[in-house]
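In the two complexes below, chain A is the common chain; its partner is chain B in one and chain C in the other.
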Partner chain A sequence: MSSFRYPLRWRLMDALERAADLLWPERLSRFTGWLMIAPALLLVGLLVLGLAEMADGSLRTLDRATFLPSEELSLANYETALGSATYWRVFGRSILGATLATALTLALAFPYAYALVRVPGAVTRKALLVVLFLPFFIGQVVRAYGWLIILGNGGMVNEALGLVGIAPQRLLFNFPAVVFGLVQYLLPFAVLMLAPALTAIPAETETAARSLGASWVRTIWHVVLPMARPGLIGAGLVTMTLALTDFATPAMLGGGSQDFIANAIYDQFFRTADQGLGSALALMLVAAGSAIVALVLGLFGAGTLAMGARR
Partner chain B sequence: MTTAGQRLAIWSLVWISILILSAPTVVVLGASVTSGNMIAFPPEGFSLKWYQKIAMARDLRQAFGRSLVVATVCTLVALPVGTLAGIALSRYRLRFANALQVYLLLPFTVPLIGSGIGLMLVFGEWRGLGSLWPVGVACAVINLPFLVWSVSSSATLLDPDLEHAAANCGAGRVQTFLHVTLPAVMPGVITGSLLMFILAMNEFLVSLLLTDARTVTLPVQIYNSIRSIITPDLAAVSVVFIVIAGAAIAALDRLVGLEIFLKSK
Partner chain C sequence: MTPLPRPDRAPEPGQPAVLVRDVDMDFGSGPLAVAGASFALARGRFLTILGPSGSGKTTLLRIIAGFQQPTRGEIRIGGQAVTATAPHRRSIGMVFQKLALFPHMTAAENVAFPLKMRRHDPATIPGKVERYLDLVRLGGLGGRRIHELSGGQQQRVAIARALVFEPELLLLDEPLAALDRKLREEMQLEFRRIQKELGVTTINVTHDQREALVVSDEIIVMDHGRIQQHARPVEMYRLPANPFVAGFVGVSTFLEGRRTATGLDAGGAACAGTPVGAIPEGAPVQGAIRAEQIRIEADPARLAGCDTILPGIVRDTIFEGERLLYLVEAPALGLALQVYHHDPEEFALFDAGAEVSLGWNARDLLIFNRQDGRDGR
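For the complex of A and B:
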């Protein structure tokens, strides 16, 4: 009598099923969803742990004599931060820079997204998408390096100006350079958030407005823009948050003289080594960012934004 | 429909965007093959000597290797975690689903400088700083929503009856998961993992916070060098990033199609 053996795959699968039944019996299946989401909750928990560490640190002032954080807790760091003219100036610069960058980004992103959605040729659309994704995937450092080559004192623009006899201009390490760098950084985010909103507007509504006698400008102003408003507000708030909290652009294109909030926080940790004050500043920035996001969630609901926020 | 004037208006703005988006890439590519010593305009002839130079430079090669390790760790950590979470969010009826989504979006809502410093404190407490795995794990944390989002958007497309049918035909829970659920979410898993890898490869701020002089990754290495003097060998290194980005876009386009990002939900 020959002994029949099931194929290995089957036996393996049966073993796996038995192991699953042993480890997670059928009666627990109500909680299977929770089991699957638990690792993600733990991983994001690291971030929450970090915020808690910062909250603890922000309540301890730095003892200038021993350079150790104090044992007793107080709100002194927050008072220092809120009472400092330097930080208010940095904060004002960040807000102004972020607002300008957001306005310029939206002004460029809207026509780009519109062309992307309405262009008839598939090849053109793909080319526009590749142009959009390439800088997004290259990273901020390499992009900033490109701008240093183009705009630097001995850079391409100044060399070209020199050829026609114009003295070199200082194009970098000033406020406009940072805003310009932010626009370049934010443009892909804004277009990728606007494009789905514009896809949702049928081309026929524009045709209808036109056939009723509206000029093209009026069609855009009174039909397309209002219908795209959720997308515009979403894109605007996301770009605003990213610009407000950016570190790399002010650091590289601002050359140390155009610090934003993130740079000030970094300096507190790595130059002054005052972790308490740095933590207090960082938590206030987290609060400001969360307030903006809460606004988005309030306007659109968690479901619509969920998992697509930065896309 | 549109007249020539309108097309001109739109396309001139689009061309400004194209110029702003592409100028750094083009210039870096050009600068990397210059035969001169400094970045100059007009370029001084063609040579590959800077590529030779970076191939010899040990610190750059090591930094590149570290970036690859960080990106691999990040993808390996995030892949199972994010895939399971994405499936759970879209296929199971969890209580407090909205609160869970808000919680899982924390990595996006907390500014990068805040999450970076928080993670730095946590890993510092655990004596993890100075090795590479914390950087990879940190990148997994801050970019996790990308993966969860792309998996859950493919998982919602799967008809639950297919899973019931598999169970009806005698498949156990593991078998149903491996042969029905997992293949259905594969496009989302691929898109998400590709994003995780490329974003971890490029991650600058979190790397800057979590690395020290012995463990710098390539973006931090470039950042440190830029601040001293700008030579074309950095351009040659940057081309490495451009090539990787190009390859990722090509892969993304072949596997799922770039047009997926234009769809309205």
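For the complex of A and C:
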């Protein structure tokens, strides 16, 4: 007697396949690929529709008497945005803040990801992962509030400073605080994008570099960093985009004085109720983000985001 | 029969290029990865460490390279103790199992890398790179990226990179294992040619006995972390020190029995053989006979002159091209012998079930004491 039993999982698969065959007969299999990506296409389509709607809205000025968008189309909202020193400042702050945050995040994420990939012990690796993910679980709002407790005027840091006789410092609601908050928020994303790129570098390659006479520093500089380039580009793109469009960090750690573009858009939509100006700002943010991504792709290639396609 | 002397370590005059003394490696889990390894290698020689997977070859090589600290023992390179010296200060070029070339550099940049890292005069670097690319027959391909080169060409880049800074010692950790057979055999001869041309002392690691026999001046056979024998290829093949070596290098059949005055007695069948070392009569022994040293004939009269002649029945016939491998059951011994048959004259072919006669000479059945030496199977 054969002791082989047809596994339950296989029987389940058979039943599912028979059901699927009724709903989606074999001869339609050419279109199966399209069926699979249909939900994603639908979502992207909705997004495009929304953008089109916004584009339309951005061409209509707000009638201050009726609080209704105008019938006729004009570029007045764009003129307002581009003619305003405040918006230029917000825009410049967003780009500078996002660039600084990206650079700092990559600088911190690289050694962390490297340690994560190369530590010999499974326990140490798990500990590093947990520490990395802890802020994820806490969420952005609670985390920002935590910074208020730690860095506020009556916070823990200032109390400690007071013990050694230093007057309270203003540690919050300034530009460095926002950049700092962004770095802390973005670090896990960057590490998670870098780790696979570093895993793909064989430890033997580093051993080889060492045996050929390269010091540890030179091995990192001449071998590991160049080989990790796709990961650095991918992580940089994701980090930059997230930072540039972030709302919560500038709002909470900037205290209203350090607005990024997303905060300005929020104000137009939900405070002033000027949908037209808000839409114009939103489209300009999309354009700026796309331009930066296109620039990076053009200069450095798609990195890990190319997903193995030939560059 | 006068017993043959036990083959000893191949002695070499002069200061050894590499000296390994009493090296143990304990990873803390399981038995020692390397146990009591000692050998000396003279300047300019090509040594192959041969052994099955997990026998400790890579560990021993990494200890010599300095990537691993031995639990006990000493390494000397060129007469200097280097046990505590960092790998890149040992003047060792190494070719890795997976080559470990730098994919973001060209072939020439890969070869230039050790020169730059070792701060050679930049003016001399292009000349050296070109010379070594020529040596490995890659002249003109220096500008290619690694992924634009074939497997064999990548091997050559790895060799040039390991040799360009003129190390005292070249270490090869099974770099040919992943190649197809034809390319592997071509690269074996290349290794040999380059090694002879430069005269660089070389230690190669492999589990491929053919490669070891083809490329080496001397061979060390390892098993379970222990050196089983250190000898020249011909000696290793003809005079294996124990049944393990007899079984690992070449194809042998093993017979169990007791030592007699003329050979061994395998359950009543007297087999003529030659003892390795002094073995008292009546002691339990293991005999090993190589497949190509057994003659197979339909007519026993043609085996006149053989010291042992036994009837057999062919159980299986395997055609290997240049020769046939027969599995022949010998009822007198109660086991099947592996027999190579190379017959340029008659192209004789025995089918399964054919009744044949087997014969061999006393010289070719080696008899090992079962008390010492390791089992051949």
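We adopt the following convention: the second predicted complex is superposed on the first by the 246 of 311 C-alpha atoms of A that agree within 3 Å, B and C clash if a C-alpha of one lies under 4 Å from a C-alpha of the other, contacts with A are read in each partner's own complex, and residues count from 1 in each chain.
Following the convention adopted for this analysis, a contact is a pair of C-beta atoms (placed from the backbone, for glycine too) under 8 Å apart; a residue touches a chain by one contact, two chains touch by 3 or more.
Note that the coordinates shown come from a computational prediction; the quantities given were computed from them, not determined experimentally.
Touch criterion met: A:143 reaches chain B, while chain C stays clear of it. Annotation for chain A, partner touching more residues between chain B and chain C: B. When the two structures are aligned on the shared chain, A:207 is found in touch with chain B and with chain C.
Of the two partner chains placed by the overlay, neither chain B nor chain C lies in contact with A:73.
When both complexes are overlaid on chain A, the residue A:218 reaches chain C alone and has no touch with chain B. When the shared chain is aligned, chain B comes close enough to touch A:44, but chain C does not.
When both complexes are overlaid on chain A, the residue A:227 reaches chain C alone and has no touch with chain B. With the contact threshold set out at the top, residues 207, 210 of chain A are in contact with chain B in one structure and with chain C in the other. Taken together, the chain C residues at the contact with chain A in this complex read 65, 67, 87-88, 92-94, 96-98, 100-104, 113-114, 117-118, 161-162, 165.
Of all residues in chain A, those touching chain B in their complex are 13, 16-17, 20, 29, 32-34, 36-37, 39-41, 43-44, 46-51, 53-54, 57, 107-109, 111-112, 114-117, 125-126, 128-135, 137-150, 152, 154-157, 159-160, 183-184, 187-188, 192, 195-197, 199-200, 207, 210, 216, 241, 244-245, 247-248, 252, 261-262, 265-266, 269, 278-279, 282-283, 285-286, 289-290, 293, 297, 302-311. Partner chain C is touched in their complex by these residues of chain A: 202, 204-205, 207-215, 218, 222-223, 226-227, 229.
Remark: chain B residues 1-3, 6, 10-11, 13-14, 16-18, 20-25, 27-28, 31, 38-41, 77-78, 80-82, 84-85, 87-89, 91-94, 98, 100-115, 117-122, 125, 137-138, 140-142, 144-146, 148-150, 152-153, 172-175, 198, 201-205, 209, 219, 222-223, 226, 230, 234-235, 238, 241-242, 244-246, 248-249, 252-253, 258-259, 261-265 touch chain A in the complex.
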